[in-house]
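What follows is a single structure, and I will ask about it in a moment.
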Amino acid sequence: MKWKVLEKSELPALVAKLTEEYEVFAPVKEKNIVSFERLSSENQAYLDFWNTKKPPKDVFFPQTETLFTYRIAEKDVEIVEIPAAKGKRVLFGVRPCDARSFVLLNKFFSSGEHKDVYYLEKRRNTTIFGLACTSPRSTCFCTSLGGSPFGKDGMDLLLQDINDKYLIETITEKGEELVEKFPSLKDAEKADVERAKKLSEDAETAVKSKVSVKDVSEKLDRMFEDPLWDQIYQKCLGCGICTFLCPTCCCFDILDEETVEGKRVKIWDSCQFSCFTLHGSGHNPRSSGKERMRQRIMHKFNYFVNDFSEIFCVGCGRCVQECPVNLDIREIIGAISARQAE
Amino acid sequence: MNNPYIPNLAAIRKIIIENEAKDIKTFELVFKDPEAMKNFRYKCGQFAEISVFGAGECPIGLASSPMDEDCIQFTVKKVGVVTTALHNCEEGTVIGVRGPYGNGFPLERMEGRNVIIVGGGFAFTTLRSLTKFILHEANRDRFKDLTVIYGARNPGELVYKYDLEAWGKRDDINLNVTIDRAVPGWTGLVGFVPAVLKEVAPSSDNALAIVCGPPIMYKFTMPVINELGFRPEDVFLSFEMKMKCGIGKCGRCNIGNKFVCKDGPVFSYKEFQMMPKEY
Amino acid sequence: MEDLENLIREIAKKLLSEKKVDLIIGYEQGTLPLHTTPCFVDKAEDVKKLVWNASCDANLSKYVVDRKEKVGVIAKGCDARLIAVCAIEKQFPRENVVIIGIPCLGVVDRKKIETKLGDREVLEAIVEDEQIKVKGEGFELVLQKNDFLCDSCLTCRHRNSPIYDVFVGKKVPEVKGANEFAEVSSLESKSAEERWKHFKEELSKCIRCYACRNVCPLCYCKMCFVDQTMPAWFGKTNDLSDTMIYHIVRAFHVAGRCVDCGACSRACPMDINLRELMKKTEKIMKERYSYEAGVSLKEVPPLGEFKMEDSQEFIK
């Protein structure tokens, strides 16, 4: 673990140099919206934000991705595989909550006999350059879910704003490899590192929103038929905002486009959509918003825990901020947590 | 890393129209690559994702027996986009096959025991694979008595009539084929599958039951199975679910924290009782 | 607006205790400042949860379709008009819904406040008749409410619900003369290339979350055209041409029924100005058919029927 100093004025040059060596994805501001985009001569990195609108899962798990193309000639078919992206990438400016989401997504996509190579290969070729949070928002609750504003899970190096300058803390070998491309970076003084640690503690204290998740998974084991679901789903509109903007949600659909020369694509899908589980026969095991809301909560706070011993939520607060009807997942978890243990 | 989303190409060698309504067909496929054909080792009860390029993919249970190594067979009912496109294919058309996926029937648990197979309608397809497998001379003596109860709405809707005829002539299988209501010319059993099961009343002693059918059949058959004294851990059901990836990644086929594509589609009745009621 | 809040609670209590309705659908305080959230009250003693202020932006008419029970719904002008449209379209028995009309002076656009405040997060807010007091870390501001209203409210001509069974409080004067189609006219005056460029830029932000569709009370189809597979009308990826078809066709589907409540634009997480498309269809309906949706329970929307005297200049 190394600590380097970066003068604030030198950040743009560092980013520019990165774009020479790597394909860089960074937060870019377009009108009022900040989202991760590929850096080019047309845009620049923007770091003055709370968090990006879309989570960075987009970079490894795009909204639309071609699995392969095919060509149909009479009765025969030719499949053309898409070669895996070879080039090295940097994902720059990722908040610790979002970086932690990669840990969870990695577990999921690499589990079992069949692995999702599209996600995993992109992830493997990418160095994650995080950005510590110095001012968490009222909707942030990362500390309740194993994260923290200066957390390092899922990252290779972390940029920390200590007011008059930045510190870069390398966390993994990949992070060190990146920092070695900048030999002019000076080592940080002990006082700087102490200041970063103090800012980290302050930021953790600043995360005021707390959600008790202690026994939630066990309680949910017995709550599949609980009347709670009848109450909470009523105002949900069944749109895809919470799932699409969630850093850990990763359900997808597979479709073919075009018949003669076409492609098979993977697109984001949502358990909240009414047709998600609709059978060809017309039967739908989750025919109302109640079953779909229950699925979302159970998946994140029970099923994933049973399979991977982790809650499938990082407390980024995007779903709370963006839900058009202010359905607040923290309230739902609070209601579950408040149930008497049996 | 192997890419599980890329199908293997297979040509349709033969198409058999299975029913009078002509909406159930069996497709016999041979992989274009002989290595792929050799490597496609599967268990009874597994399924594959069949691609009709341009229309999409759908999960279909394997109808052929693993002992037939020169081709694989799928029996498909025309219901939606992909199955309609498949039904419009001719012999010689190349389609895609991904798999085999799923857990299959628990053969190890069936060895040395009596096997009772109960199937309704077109869900009989993987049970046909299992029956053929058990009846194969290399396998038959590993299993004890074999009882098969299979029912369809009417004689025209019975699938694999050619197999049923051949099995009827054998003495190492107790075959009971029934139709829902009597029709002129039908000399076989008449009655819904649960009723016939009750009549045949196979002993649950040292026996395992495999049941496949539409949800309505499960509803009425399971009470009979319970009455006959089968333990929940000795009864196996096969589930259908909307599937896309077939490998437990797209997130849509779960019942509780079990993915039907990966942890199923075969579950014991005991496992099923512990699952949330969402299917 | 305080007395309106108490009046709502009284009316709700009366309707519930007299069993005129089984359920009241209104608003309660949200978990975030400047937010309220839909509230479903079925017991008279719970009416104290109901609130009324300029952050009551959710369109409650969305929750009326497909209900078996009798409901009373707090309905702003736009909401009441949408209930009327759905009633005409036979989406529920009219007698099952008690429309609780209310005078509305506009709802607050949180995105405008966010733009004004920049990085500063609102931690507390008090919404009053004329002002919004916002407080956060190291700042306290008083904003003039009328500077932060939703765009659809700026040209609203139905501040009083035109259709209602019960009216809360006194009606407020309607605004006359505001040119509600000013934005549309400005777009119309641009060249086709400029307009195409504009819409391509706006709609390329779309992530196909369908919040615009799901928040719209008029989008009640059990099987939306987007989800149909036999045939599949267009693609579901974020390919720009497919995305544009989705939005353009949805605009056609709501044409003649849309009242510009603004819910679609408010809900969009990518800040796409969806109202522009819908407003254009509203303008066409007004000019071609002299029709305004949801102000009468007797008129069928023009695209739902044909009259011999309808203009046909486009048939050459």
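Order as written gives the chain letters A, B and C; numbering starts at 1 within each chain.
To be clear about the criterion, contacts are C-beta pairs under 8 Å (C-beta built on N, C-alpha and C of every residue); 3 or more make two chains touch, one makes a residue touch a chain.
From a predicted model like this one, the values you see are computed outputs, not experimental measurements.
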{"item": "Chain of greatest Cα-centre distance to chain C", "value": "B"}
{"item": "Chain pair showing more contacts of the two, A-B and B-C", "value": "A-B"}
{"item": "Chain A and chain C, separation of their C-alpha mean positions in angstrom", "value": "31"}
{"item": "Averaged-CA centre spacing for the pair chain B and chain A, given as whole angstrom", "value": "40"}
{"item": "Approximate Å spacing (C-alpha centroids) for the pair chain B, chain C", "value": "51"}
{"item": "Multi-chain contact residues (two or more partners), chain B", "value": "80"}
{"item": "Residues within chain A bordering two or more other chains", "value": "253, 255"}
{"item": "Chain C residues touching chain A - in the complex, by the definition given at the top", "value": "30-32, 35-40, 58, 62-63, 111, 114-115, 119, 121, 123, 137, 205, 207-211, 213-215, 222-223, 227, 235-239, 263, 266-267, 269-271"}
{"item": "In the complex with chain B, residue positions of chain C that touch it", "value": "229-230, 232"}
{"item": "Of all residues in chain A, those that touch chain B in their complex", "value": "67-68, 70, 72, 75-77, 79, 81, 108-109, 111-118, 120-121, 224-225, 250-256, 258-260, 262, 264, 266, 269, 271, 276-281, 283, 285-286, 291, 295, 298-299, 302-304, 306-307"}
{"item": "Partner chain A, residues of chain B touching it in the complex", "value": "1-7, 9, 11, 51, 53-58, 79-80, 83, 90, 92-96, 215, 240-242, 244-245, 247-257, 262, 276-279"}
{"item": "Complex interface listing, chain B residues touching chain C", "value": "80-81, 84"}
